[in-house]
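Take a look at these structures.
In the two complexes below, chain A is the common chain; its partner is chain B in one and chain C in the other.
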Partner chain A sequence: MSDTQDPYENLKITTGVVAEPNTSRANKTGSWREFKPVIDTDACIGCGQCDTYCPDQAAKPVEGEDFYGFDLDYCKGCGICAEVCPTDAIEMVREVK
Partner chain B sequence: MAQADQQNPSDEQEVMKGTSAVAKGVMAANPDVVSAYPITPQTGVVEKLSELVADGKLDSEFIKVDSEFNAASTCIGASAAGARAFSATSSQGLKLMSEPLFTAAGMRLPIVMAVANRSLSAPLSIWADHTDAFAERDGGMLQFHAEDVQEAIDHVLLGFRVAEQVNLPALSNFDGFILTHVQEPANIPTEEEVSEFLPPREPEYTLDPSDPKTMGAYARPEHWTESRYEIQRAMMESREVWADAVEEFKDVFGRDYTEYGGMLDTYYADDADHIIVAMGSIAGTIRNVVDAYREDGEKVGMVRPRVFRPFPAPELRDALADAESVAVLTKEMSPGYESAFAGEIKGALYHAESQPPVKSYVLGMAGRDVKPEDIADIIEDVKTATPKMDFDESESWPQLRPELLKGGDA
Partner chain C sequence: MSSDLQDQDYTDELEHGEELWNAGHRACAGCGPALAMKYITEAAGENTIVTNATGCMEVVSTPYPESSWGTSYIHNIFENAASVAAGVEAAYKSFDRRDPEHLDVQDSDDLNIIAIGGDGATADIGFRALSGMLERGHDVLYIMYDNEAYMNTGVQRSSQTPFGASTTTSPAGKESIGNDTNKKDMASIVADHGAPYVATASISSPHDFKQKVEKALEIDGPKFIHVYAPCPVGWGFDSAKTIDLAEKAVKTGLFPVFEMEDGEITSVNKIRDREPIEEWLEHQGRFKHLFKDEEQGEVGIEELQEWIDNRAEDLGLDA
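Moving on, here comes the complex of A and B:
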């Protein structure tokens, strides 16, 4: 699925509204966020607890690095990652809009 | 029509508890998955099914779960994967299933359930009425009401047949205790008969890891309305499918539910001046009262909707057209207005050529016995029905015990 194309544009109402997988990725829910996670890359030990607990699969290892980062298109700012981080490497910072 | 004159079981019939008889009928339909959580008075249905699976007599996955919510959700997963799925519940259990059942309707999954009707808390009651079924009215589930054990078995089979053709879930209602715990003769269908009547399920889509699909996920405002409209259309189309199914059912099993396309069952209604409308097991008592009136030369009759969703509106218009008055006997109520059943019947008559006056009677709640004399009193009362009535006149609770009410005799 291309990131630019809206998969809902030509959505056909099938029996039970069966769609192709991953269509919900078009719904970028990160705009709901009031606080965003900011990671201290020096403090991060790469344990992946944030990834395990993130309800939106928005915490991911950063490619080629030994720390984690956040997909702000989908992160809703719940702060669970900051709660579970064993080294307090994640700070929740108020979004300025 | 129930066979009131038939006292002894014939050679083809077996005498067993209602829940066991329904379970045996389900077994003949060969479901791939059964998932349920025990609740009185349904428990016997799935208890028997689990026994049949454990004894190797039924080749189904019996999936034990922690709640009715999970039972219905398990059936959703199974049905989405292409399985024929069955569950059963009652009362609070149906309430807990309500959310996944609405989802099953939206996902167009033909899960069939036996619902042993029982009142909803509070106060707690384990006894029969229709408040549980009516609370699920607007979900998009087909709904039928059985008069006796034979119909409770047969409606499940008809349910599978119709649900799988129109892709909607079905609730097959039968009155708790009155039908679940009664022992009466019934024909238990064999798997051979059922396979002749019920073809294997052919789902349009199935969950398949090798060809992944998203089912029942997010719909934006520009799509949701259409998906809900499709449920309405499937409901309306199911009328025809049901009519064909009862015809074929008659050919295969010899039992005739074809009156009014299988939507209504009537008793001396053709020339009746006063007609009682009621659903479920109460019809047996009503038949006896109708017989007594007919012996006295009074034209009294009964109309019993077999199907509640889709609502048999055109059939009711026809069946009630020539009545001087109509008495709706109902085991549910909608606090703040009137019986939902009566309201729907009146709604069906609103644009009709003929609009007989309708009085509704809330009775038989939470298993309170309805005696022939109660019904005779209602027939006498409904004769006073007029086209214009105040709300207090059009609906009453004839079994109410005023001495129990706050402030004494209200």
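Moving on, here comes the complex of A and C:
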């Protein structure tokens, strides 16, 4: 999401602080992850359950494909997607850093 | 583990939609309330003003200078999300009447005003403000996300904490079963104020929850939705099980899903073969004492089950 403005640029604190909308994208929560989801692209039926139940907007359709992928900038590795996937196409593997 | 699994990365090839609840929020992994916020924004759309009481969802979404919200958003102190929403609504009505051309939103009817608070901020601390907002009849939708304790401050019990749960202010021990009260029936209390629409929903059924938000926003006057949102950290369960536990709370009847219109129950999500409450309790750290000490556990589980059975009977929950 490169079009998001950087909220930390020219940072000033005014009375009655106002933050620009949609700016939490500056905070890459992917660094929290201990396990990461990987998708079996053949088993994925593109139903979007992972997207529906992802609290972090990190499971999205892959452009031009009929399967879903994960935004590793934000995925916290909770494992909900693997749990709700009806075809068990998602596996949580230990994150190697 | 093969290395190609480790290397899989579609981060730069994903199709993101117009999201009004943005990634980068600091909610814990597997957060139930964060999902509730996502569904609320999806159902309400951009033309929405959110007033949010202090609590987890405020803390995680708006550390200055960041905001996870794509809607207008006001953070207010713990007890007065309802009062601030009422003030916003009154101001809009007044501006609309005096100078309709002045507003970006030409008609205050097109605007959604949503107050959001946790169970502590709503059923305990903000209860007076909520009651006032309901009684004065403001055109506001109040959504209470229920994670069954004060999670942001460190799992203190609230009036929505279920019977038998061990929290930091109701610790289980030799002489204590944990929390010794049942969940306060917020839906009935709000309905008794004369609110035209009251509903309960669970994050395990997002479609149902979003439909209820949309329906509520169409209705004039004060509306209330009680949405059930498990907390992996406060309840002590694996973060992958958030949806599963929300669903089990519905299936065991601990959290009945229903709608009330003008004070009458108009629909109940009936349950076939209601599961015993143990099915839900046994997955959570806050209830583990009920399974360790047989005698104490049996008494506790029996009491909770009896409360659930009585409510199920009142609501006609069993199919």
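We take it that the second predicted complex is superposed on the first by the 88 of 97 C-alpha atoms of A that agree within 3 Å, B and C clash if a C-alpha of one lies under 4 Å from a C-alpha of the other, contacts with A are read in each partner's own complex, and residues count from 1 in each chain.
Heads up, the rule we're going with is that a residue touches a chain if its C-beta (ideal position, glycine included) is under 8 Å from a C-beta of that chain, and two chains touch if they have at least 3 such contacts.
A quick note: this is a predicted structure, and the numbers were derived from the prediction, not measured.
Chain A has more of its residues touched by C than by the other of chain B and chain C. By the touch criterion stated above, A:I13 is placed in contact with chain B and with chain C alike.
Residue contacts after overlaying the shared chain place A:V62 against chain C, while chain B stays out of touching range.
Of the two partner chains placed by the overlay, only chain C lies in contact with A:F70; chain B stays clear of it.
Within the superposed three-chain model, A:P21 lies in touch with chain B and with chain C [touch as defined at top].
Shared-chain residue A:T52: touches chain C; no touch with chain B. The residues of chain A shared by its contacts with chain B and with chain C are 8, 11, 13, 17, 19-24, 27. Interface residues of chain C facing chain A in the complex, by the touch rule stated above, are 1, 5-6, 8-11, 13-16, 19, 21-32, 34-35, 38, 61-62, 64-71, 73, 206, 232, 238-244. Across the complex, chain B is touched by residues 8, 11, 13-24, 27 of chain A.
The touching residues of chain A, when paired with chain C in their complex, are 1, 7-8, 11, 13, 17, 19-29, 32-33, 38-39, 52-53, 55-58, 60-63, 65, 69-74, 76-80, 82-84, 91-94, 96. Those residues of chain B lying in contact with chain A across their complex are 106-109, 167, 204-205, 212-220, 222-223, 226-227, 230.
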